[in-house]
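Given below, in the form of structure tokens, are the structures.
Each of the next two complexes has subunit A plus one other chain: subunit B in the first, subunit C in the second.
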Partner chain A sequence: MATKILVAVKQVIALDEDFEIRADGKDVDADFFLRDLNEWDDFSLEEAVKIKEAGGEVEVVVVTVGPEEADESLRKCLAKGADRAVRIWDETMEGSDSQAIARVLAAAIKHEKPDLVFAGVQSSDHSFASTGIAVAGLLGWPHAAVVNQFDFSLGATQAVIRRELEGGVLQMMNIDLPAVLSIQLGINTPRYASLRTIKQAAAKPIESWGLSELSLSASDVGEAGSASRVRRMYIPEKGRAQMIEGSLAEQAAKLAAIIKEFKGASV
Partner chain B sequence: MSGILVIAEHRRGELRPVSFELIAAAESLKAAAGGPVTVAVVGQSPEAFVAALKVSGVDEIITLAAGSGDFDPDTQAAAVSAAIAARSPSLVLIPHSVDAFGYAGVLAAQGGYGFATDVFKIESDSGAWVATRGGYGQKVNVELEFPGKAVVLLTVRAAVYKPAEGSSNPTVTALAVPSVSAHVRPGEYVEVSQADDVDMTAAEFIMSIGRGIGEEARIPQFRELADAMGATLGCSRPIADSGWLPKSRQVGQSGKTASACKLYLAMGISGAIQHLAGMKHVSTIVAVNADPGASIFSVAKYGIVGDIMEFGEELKTHF
Partner chain C sequence: MIDSLSITRTLFEDFRPLAVTIFYAIGYGAIGVFLWGTWIQIRKYRYGTTYDVAGSLISRFKQMSATMLTHRTLVRRDHAAGGAHALIFFGFALLFLGTSTITVEYDILKPLTGMRFWYGNFYLWFSLVLDVAGLMLGGGLVFMMWRRGWLKPPKLNYARPDRSPTDPDYDRSGYRIEDWAFLWSLLIIAVTGFVLEGMRLVWLQSRPEVWDYRWWSPIGSAVAMAMRGVGLGAETAGTIRSGLWWFHGLIALAFIALIPFTKVKHIFTASASLMLRDPLAAQRLPRVPDTQESVGFSYITDLNWKQLLHLDACTKCGRCHEACPANATGAPLSPRDVILSLREFANKTLASGTLPDQVELDIHGKSPGQVSMETLWSCRTCMACVEICPVAVEHIPIIVQMRRKLVEAGDMDPLLTKTLQTIAKTGNSFGESKRKRGSWTKALATPIKDARKEPVDYLWFVGDYASFDPRNQKVSQTFAGLLQEANVDFGLLYDSEQNAGNDVRRVGEEGLYDLLATANIEAMKNAQFKTIVTTDPHSFNTIRNEYGDFGGTFEIEHYTTLLRDLLTSGRLKVTKPLGYRVTFHDPCHLGRFNKGYDAPRDILKMIGCELIDMKRCRDNSFCCGAGGGRIWMPDPVGVEKPAQNRIREAAWIEGLEVYVVSCPKDLTMFEDAVKTTGNEGRFVVRELIELVREAVASPVVLEAPVEELA
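For the complex of A and B:
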């Protein structure tokens, strides 16, 4: 039987320069949104595709929760080796926090019945670092976070993983399967999509699911299904470095003086 | 629901300093919480940590004997869940750490608690908890509320609160942990390999390079500059992950702790939150970056906007 790996991905939002907060004070004005596939997801997708390419019958399914714009990120995943792409959305999912998204993903996993689930450690926009692991909690699946090495053979009931801890320390762990793993940057070297695979991906279908396909109700998602609600969003006052101005030569001379003073003082 | 429960964290037999920061946070919120500050510690022999946890502000210490000496997410979640059930706190504080990444989301999902992570400010507004965290790559602050949630679980950023000191005379209670089948078995710890004998922890002057360097072929130029200035060459995560420099040279939160560093010259590093968090103890940070909007300029003491290649060459003429 084929091994199915489900990779949960997110289309993240970066902000354009000089962005503005929306009139209701609860989010940034969407005019300043720049969308892209989350950096961590490149690595978790690559990890799944690597397993597929190592041989055996493996299917890689990418799943995202998001509006139509997210199709672009799913196509990127298809171009990098995913076999199928699923986008889940319903207007009631607007305003979902990481816990509500986790509920949707958990329902998708019950539907797809994969053998392994990968998610990025965190998203580069809101960095909750909890969605994938919350999915495991809802499913009652084994889970491990911040994995930067995964040794696995098809059909195995256990795998060896390595967690990246703080301060340059790693830890080996043994985990039961099926499991949800949150994948850390650097676990592999993600590939670039080629022109050919980008073209092929453009022709592939993207499956679209809503609440009914997953037996969810509107109260499971959006603000109603969330563990938090945005009260206010604002641009913080930040400290600012003392900028060293002048010509290149002047700037370098000033910095050299700072360094020499430091070295003189520390001898 | 009243009081605050703080989850102490330990690794390899040592309490992690962030535990004391969270106790201080809890102490500052005690009046708003309208109840005691309870510290819970989970482990094979949690009583070993009790004496050290008797710091200012602690009313009770709960020991939860379970699991092996090392963290596993299933045991930790079951134990913390038992502590929440026993004390019914309105607020639970957990360090925003790699261990917490492995279980906080599970607790929140299973308990249906109010939940936010990487929180750096906690307030009470008319009896309701309000937590502030960053959003959109830390470009904005987001205030979150937790309507209808009797228990709010927050993971709190390290190095925000000053660690609790002093002493207290708390009650100590041993609490039973329901048996749990742990699906993860912790194994050995591995230090990031010392590929080239560098000791980032001892370096006082570090020059680090980041993504702004653009290509691997430029590494030697920066190595020469570092040598000429007497700096230790370090790097940000993307450079180490690409294999351009050994992992032992990575600084920032997940890299080696650059604890002795006093002068940090960041070349072409825009400043991801994890990088800044790992370097903010350094007294003098100088950042050189082509992007005037780079986050690193908000923590640096001195900043230079410019091309790091040209600037590096010019700087080298002074040494």
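For the complex of A and C:
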């Protein structure tokens, strides 16, 4: 009986130089989008593939909620050792916040019935840091966040995890399985996926699901299914950084004057 | 009057027929052992993958013969050894030809047709030539013994940098013993040959047809006179001759029989290797065939048969070992030892008719015969090894193919991994946005044409460093200014240009190279231009030699030939001859790789500089250490870097003012090395372009000060 690990991944957006805000003011203009797999997902996927390579029957399934562009990130996961890749999308999912995404993922998990779910602690673009745990909440599963060590044997009903807290403190826990774990950076060293293996992974199929496969409706997703809505996105005004010009002596004098000004103001 | 027919040597004189039969039996036995040994070698090569030899075998044979007869590759960087080898080579060849000539008459012509030719004047001149040949052979061997035993060049102790003293294959005494055995056995054969000559003369001194013509064998005659002088009689000489005859014969036949089992096989493996030489072996690396499942070399059987032959061609001369910049700075890499390790591995695993299990064929690791990761990653792919090897061993393709497997497995320095990911994402090693590739042009008064939008004469392929590194951006701006003043019609690809891929390929990330090359070729095909010019030797090499395999054949020159043309034609005029005392560092990828040694020197002359070349110049230029992806890997701490070694070499030049480079990586590495070797203030590092700018002094108007680039 194979152990199935489901890894929820996200193709995140990094911003190119000199980006501009979109006309409707709610997001950055898509011309400046640079897409890549979320950095945390490198680590969670690596953790799953390591378990697979340690021996025994293990299947690693990566699942993402995203449009067609996300296929590229899924291929990278397949190149790194995932067995199957699933992309879930419907136009109505546009504008989903982390709760709506969690609802979709929970439906996928009910469909796939994995023994373990990994997610990243957060995504590097929207940084809600809640999707993984929200999935656990919707499923009623045991869960732990910011996991930086995971010890488990195949078929066991419990695992030992270590969590990273503030101030350098670590917490060790036993957790019942199946569970949802959000994985922290540094848990392992993610492998390099050579471009050749990524290209070869293009031959592997990517399953494509929509609302009907998951028995969801349009009101479950998108803005309709979200707990929050974006009002606007903007670049804050530049701070009080000032370039001090002039010769060395002039710069020193100006700097001294500024310091005196602040000293005076704080008295 | 003596009948000329009797002026000859009677073979097997005074031998009982049984003795002759026994001798022939041993002779055929020796030939049999030789042939069997040859078969074992050939069977070993057959375990390798296929390889198609380009070009006609006949013209390759002719080239190989010319190379061997002139000893062109052997005299390089070691005239004395090359000369001594020529003596041994031609001495041995003549003696072998001589014996074959006798065999032709004695075993073929005379028994079949009764014809004879080995007598009279022919015989006398024959004797003289062969005595000289024997003297050459002996003289060459004695020199080699003296060189090895007294001069003791360090490379001949075969100490290897890629193993520690506790490793089982660290000890190289086996090789040294074999080398001495080879020298001594050949010398003994030569010396006993002469003594035999002398003995025969003393033995047959009563025959005028022998004794009166003895001086046609001058050495043998000298021996005979000396022997007679100490009272040796004819009968005793005859007895000694019989014994010595067998001794000499048996050693000689054993020598022949053992050729395929000893280093003497280099007679065949070296000449075959030379015949199969690929002059672009390091400049144009092989593609991964689309049908191939795995990538790179994991097992000894992944090497093609030509490479397996290379492993046997190596004669441990040590020229590659001495030329290697990694070895010179204490890295665990010697090109010689990569080849010898793999040779030992092949001999261990491929010596029988059945192949061991695949797991035993793995050539990666630290066990005897394997090559470690540290060794492979130390290589700068500077091609000093390939270029100097007298027997045309091609080390670099083997190293790169082994790296391909390491890359696939992710066995790389983390910084290198990160850089490859950065290049895959942004198309450059700096992680900068593609849009910023042309930012350096903003400082120019006149904008540079976009070759994607309008046709130009020259497409200038700038490269990563020259586009993004601040120090090199200045050089790019200077070059742009020069081109504009000379009214050259040129343009850029701007953000359609990506890393040319030369070093990515040499790191072993072939998939990423494919991506980069294909993208660049597509951009170039969509632009209109006549020639490409580049300021980056690495880009120059890959576009010139490798892009053709990916569907992009373009005319390309390095800036040095273009600048030289502009100066000679007067489009750029030298108004201020500089008078600096300079030295020029030949960049690996321009010099050794593409033979571009002269244009930079011509330019330096035209701009009035006094050029004093370093000892290691031109083909022997010492790599700055940045190649092969090493610029993306951290150097070990506390160890001299190649660039420092090189700057120290330059510092020996009395009154040196400028260390001239013509490669962006060289500029970066050497400016750093001048500081870290404590030579700051003694001389400066300048790009050749900057010196030309100074000599062709004319105001260069920039919109913004060069330092303040975003």
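In the analysis below, the second predicted complex is superposed on the first by the 235 of 267 C-alpha atoms of A that agree within 3 Å, B and C clash if a C-alpha of one lies under 4 Å from a C-alpha of the other, contacts with A are read in each partner's own complex, and residues count from 1 in each chain.
FYI, a contact is a pair of C-beta atoms (placed from the backbone, for glycine too) under 8 Å apart; a residue touches a chain by one contact, two chains touch by 3 or more.
This is a predicted model, so every value here is computed, not measured.
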First (subunit B), second (subunit C), both or neither touched by A:258: first
More subunit A residues in contact - subunit B or subunit C: B
First (subunit B), second (subunit C), both or neither touched by A:17: both
Partner chain(s) touched by A:34 [first = subunit B, second = subunit C, both, neither]: second
First (subunit B), second (subunit C), both or neither touched by A:199: second
First (subunit B), second (subunit C), both or neither touched by A:110: neither
Partner chain(s) touched by A:191 [first = subunit B, second = subunit C, both, neither]: second
Residues of subunit A that lie at the interface with subunit B and also at the interface with subunit C: 17, 189
Residue numbers on subunit A that touch subunit B, as the complex places them: 13-15, 17, 19, 21, 28, 97-99, 102-103, 121-122, 124-138, 142-146, 160, 162-176, 179, 182, 185-186, 189, 227-236, 238-244, 248-249, 251-253, 255-256, 258-260, 262-263, 266
Residue ranges of subunit C in contact with subunit A within the complex: 288, 295, 407-408, 410, 412, 414, 417, 420-421, 424-425, 433, 435-436, 509-512, 514-515
List of subunit A residues in touch with subunit C within their complex: 16-18, 34, 36, 189, 191-192, 194-199
Complex contacts: residues of subunit B adjacent to subunit A: 11, 70, 72-74, 77, 96-98, 101-110, 112-118, 130-131, 134-137, 139-147, 149, 183-192, 204-205, 229-230, 237-238, 240-242, 247-248, 250, 253-257, 262-263, 265, 273, 284-287, 293, 297-306, 310-311, 314-315, 317-319
